[in-house]
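A, B, C and D are the chain letters, set down in written order, and residue numbers restart from 1 in every chain.
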Amino acid sequence: MWKFTVRRILIMIPQIILLSVLIFIMAKMMPGDALSGLIDPNIDPETIAEQREKLGLNDPWHIQYANWVKDLFQGDLGMSFRYKMPVTELIGQRLANTVWLSLLTLVLIYAISIPLGLISGRYNDTWLDRVITGYTYIGFATPLFIFALVMLWFFGFTLGWFPTGGSVQPGVESGTFEYVMNRIYHMLLPALSMALITTVSTVQYLRNEIIDTKQKDFILTARAKGASESRIYNRHILRNSLLPIAAFFGYEITGLIGGTVFVESIFSYPGMGQLFLESIVQRDYSVATSLTLLFGIATILGALLSDIILSLVDPRIRIK
Amino acid sequence: MSQALLKIKNLKTSFRIKDDYYAAVDDVSLTVNKNEVLAIVGESGCGKSALAFSIMGLHNRAKIEGNILFKGKDLANASPTEWSKIRGKEMGMIFQDPLTALNPLMIIGDQIGEAIYLHNKNISKEQRKLKVIDLLEKVGIPHPERVYDQFPHELSGGMRQRVVIATAIANQPELLIADEPTTALDVTIQSQILDLMKQLKEDMDAGIIMITHDLGVVAEMADRVAVMYAGQIVEIADVYTLFENPQHPYTRSLLNSVPNNKEASSKLHVIQGIVPSLQFLPRKGCRFSARIPWIDVSAHEENPQLHEIEPGHFVRCSCYKHFHFPEEEVQ
Amino acid sequence: MSILKVKDLKVHFPIKGGIFGRTVDYVKAVDGVSFSIEKGMTYGLVGESGSGKTTTGRAIIGLNKITSGNVLFEGKDITSYRRAKADYYKDVQMIFQDPYSSLNPRKRVLDIVAEPLRNFEKLSRQEEKKRVQELLELVGLSPESILKYPHQFSGGQRQRIGIARAIALKPKLIIADEPVSALDVSVQAQVLNFMQDIQKELDLTYLFISHDLGVIRHMCNRIGIMYKGRYVEEGTTEDIFNNPQHIYTKRLVAAIPDIDPNKRKEHAKFRQEVQREYEQSFNDYFDENGLAYDLQSISDTHLVALPKKG
Amino acid sequence: MKKDDTTMVETVEQPEQINSESPTGLKILWREIVRDKVALISLIFIVLITTIVFGVSLILDQDQIVKVDLLSIHQPPSDEFILGTDYGGRDVFGQLIIGTRNSLAIGFLVTLMTGVFGIIYGLTAGYFGGHVDNILMRILDFMMVLPFLMIVIVFVALVPKYSVWTFSLIMTAFLWMGIARLIRSKTLAEKELDYVQASKTLGSSNLKIMFTQVLPNLSSIIIVNMTLNLAANIGLESGLSFLGFGFPESTPSLGTLLSYATNPQTLQYRWWIWVPAALLILLLMLSVNNVGQALKRATDARQRRG
């Protein structure tokens, strides 16, 4: 098992290096550099050139890359030219918002998909299954941003049940119970929108997994042992079909990253996704590249997590 | 003759295809006694596995007609609860492919232990473990303590089949149904598994129904043999009679098609064609008639029944009296 | 002169392992196999799963890469021939085990049987069709079958289509890899009979690979027994079945169920004796790695893997 | 082998194949669609919309539609403007028609380009296996872990001379992996089958085996996958346009119409701008998906309906 994990982590290293190179190239392609935002346009060009030399902007690219990586390790992602503050600090403010939103979404995804998938798979071809499958069809076909817009319009504006923007009501004192509830209240609609759409693939997967497992020979063995149908479900089918779902966990995270960009922008939720869009529109490129790098690393870690979970739960990989 | 353990009368198992029912098992009657091996032989599609599944009540969507009397009790339309009390306790089943028959995500000990737990919930965990290890030893698995904690994929095919057998005999069933238990195994492993099954039968005084396509296995194991063709038993007799004096054309063809050990390079006498598939079975008349067109129609019965031609030897349809291979001279 | 000569054939597959996925070891699927086949004969290669018999057959026809050793066909060394060297493939053909997967389900019988013709012979559509129809008739299928798809045939019929394809180029040697083990007994007999018929008709040589000793005995003149990638014994059918010398061969022969129920007790006793001998004398017949020794000849026709004397 | 015995009787299937064409052939796919009412209606809807949209957009004057007219801002539906106007006074209906045409066209284009590239990539990796597969799969794995949406947005923002073509190239560059992976895994399985081995012994070249033997056996899953991809790509394009990183500004798109709804006023009070576009995307994606799912059922015998 540990061998598998170590191997998997070793595969990850070139991925991260490649990602950083790609991001670095993107950063270099972007118009302007660290100085363009900082310096007063009135300063004479010679001083700028001097500054450039000092900052190493005229060095060959590999030295620049090495310096960039060194800075990364020290947590220095550069300066945001729009907010005039270190990118690290800027992202830090938004990070928590996105993490909490994603967590709530994940909880909702599993809270929806597991019961629906189980019902749909166990009672396949009944009317209940058809309703659930119908939902997954529609959910599969609906783009997240349209669904989120409709949710906002209906529950936010028309019914007025939920706030239509922000992460917390101004004036609520942080640290109180009320504050926490208020945060959740603001997150609920975006999280629900995202969960209801992204969960359908898990529902479908779980349903198919259960139907497949039902037809396996070892289910016959269990029946021949004298196990009752409910025991067969609880002891054999459930266990065997839920394990791959557990392994999906990491990939769910990956899927959420794209989702947050849409949802945060639609619900004006101050998270990293919204920050990313803003930074692109405002040409605040050091922020955009840093966010891309962060999301990229999160995706890589998500994939790693999934593979490790899979190796943990499946003895065929665990024991080798 | 000892008292019959299992008595099947006119069993008919039908499956729904489109809007019609087709009988995979049709008019099958047989008995199995204690400490006896009844072999059911036939080729793909003859209905032998469907028969085994019917006896174990493992078909969920089939229509079952007739009687399955197990120790005097009719199981043909028993409820799921009744079945789960009998299955695994009084009847055990051994499957063809030991790899797929075991849950890949469960350790061996738990899989066998489950069979014990289901029919005796009062045994403590420790006792159950001891019993499982005992069983593993009984089916000839070396290092049972270690195997207890292993997963199926860590064992070889022969060992896996021993585990499947251990599961089947966990509660000392009186009837064992083995569905092609050695087909997936190498020949040296096959002989070991067959020896093990014979041993267990003697020990437990159990009846065994052995489903197989391999006449060699039949000759080694069986006390009595039923030959199935197209859902029906065409011939049933004790093993010596059947191999020495086969009567039904199909039985004769089957026995002749085994490359035997006597003479190399001799021609095999065999009737061309295959077992027709379920939807294309003739519903009336002799089901084998289409494959022996050189035998006159009048030789067949209109509604073929099993005839007892000598004590304990039954043959279906009168065509056997007139049958000869096409290569043979007509007497 | 023998038609096929295999000299010290080795096929090793790398095992990837460790953290970096490097080759840590080799599976010696075939490890030093030598034999030769005379023209017009049927040579049987027997062994249990994992013995390397199939790999040997596939290596001869170029489906598995040969690690070392030589394959000589009609005296010519074709070891390093790749598939580009066409004429070898005209002369050596293969019949596969699984009649379901060996025919492309999306192709009509015409396209399946004509595939070798299209690769090696430039025929017009008309000629091609005629040839395919002739071939189908030869294997006992109706010429109208050319427009059907494989799934419209039964297992035995499919195997005949596979044979028609294999004999389309009039090969000299056919490697038959478990050609009947996926078939029912009576269908198996039908195909075996037919294979004997066309052997006479087309003057074919067979390398017949099987795990079924009954079938091998029925079909073959000469037999090689393999165990863990090595030969344990080779000889005429007579030698192997009536005078087996190696304990592994004895055990294998003893394990075949006797078709006569009257000899059941006798047979069981014999089998137990052999098993006892096998357990007691295992170390006399196999080296410290549990592998067979090199072959020593004990008569003109009979070779057994025994440790060198002295 | 003996398995047939039980499976034959258990799966209540397989009769009508006796006289049918090739077992997974296109005819079966077609028959399945026709049999499935929902899928058939969906297919008709797609064909209808496509014809209408491409037909009407021939008559419409695109320059006229995208021209800003400050005198008629935010007009509700009227005789002159069937679906009213947007904040620039532009005709929403015209934008809807041309937008749908553009979204469909790019959906098809990207699906086709990712399909061709992905099939060749996957087929190569799967068929040759070994080192080739190893290298190709490492590259693919890396592409898979990139944060797709963000990278695409950054590229869209960066690329000079941005046009519909560069947009579809960027999309293609980051979307071929799914189908490549699918084709690779199917090819890996397929090449182990004896018919591929047989072709080798019969003297067929690798290229010939890949494209004339293996590929036809993958055709149905390719069709299914590409149909589902088409729906996904239409959604992606409109999503990107919605965020402002899709089509160039001068090219109308369904997503652009929807992006006006990020203005709360528009969202609440000017339904005519965004609701028709939203409905159209939904119906289109639902229809394409329905067809795709019906095809999927057709290729999967277990789920085939009667």
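The working rule: a residue touches a chain if its C-beta (ideal position, glycine included) is under 8 Å from a C-beta of that chain, and two chains touch if they have at least 3 such contacts.
If you're wondering where the values come from, they're calculated on a predicted model, not measured in any experiment.
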{"item": "Closest chain to global C-alpha mean, per-chain Cα centroids", "value": "D"}
{"item": "Chain at maximum distance from chain C, centres defined as averaged CA atoms", "value": "A"}
{"item": "A-D or C-D - the one linked by more C-beta pairs in contact", "value": "A-D"}
{"item": "Whole-Å gap between the CA centroids of chain C and chain D", "value": "48"}
{"item": "Distance from chain D to chain B - Cα centre to Cα centre, in angstrom", "value": "51"}
{"item": "Centre-of-Cα separation between chain D and chain A, whole angstrom", "value": "24"}
{"item": "Centre-of-Cα separation between chain C and chain A, whole angstrom", "value": "55"}
{"item": "For chain D, residues that touch 2 or more chains besides their own", "value": "1"}
{"item": "Residues of chain C touching at least two other chains", "value": "184"}
{"item": "Sequence positions of chain B contacting 2 or more other chains", "value": "44, 97, 213"}
{"item": "Contact set on chain D toward chain A in their complex", "value": "138, 141-142, 144-151, 153-155, 157-158, 231, 235, 238-239, 242-245, 258, 261-262, 264, 267-268, 274, 278, 281-282, 285-286, 288-290, 293"}
{"item": "Touch list for chain B against partner chain C, complex", "value": "43-44, 186-188, 190-191, 194-195, 213-220, 222, 239-240, 243, 253-254, 256-261, 264-268, 270-272, 274-275"}
{"item": "Interface residues, chain C side, partner chain D - complex", "value": "58, 61-63, 83, 86, 89-90, 92-94, 96-98, 101-107, 115-116, 119-120, 149, 151-152, 162, 165, 181-184"}
{"item": "Residues of chain D that touch chain C when the two form their complex", "value": "1, 17-18, 21-25, 193-195, 197-205, 213, 216-217, 219"}
{"item": "Residues of chain A defined as touching chain B within the complex", "value": "216-218, 220-229, 231, 235-236, 239-240, 243, 313-316, 319"}
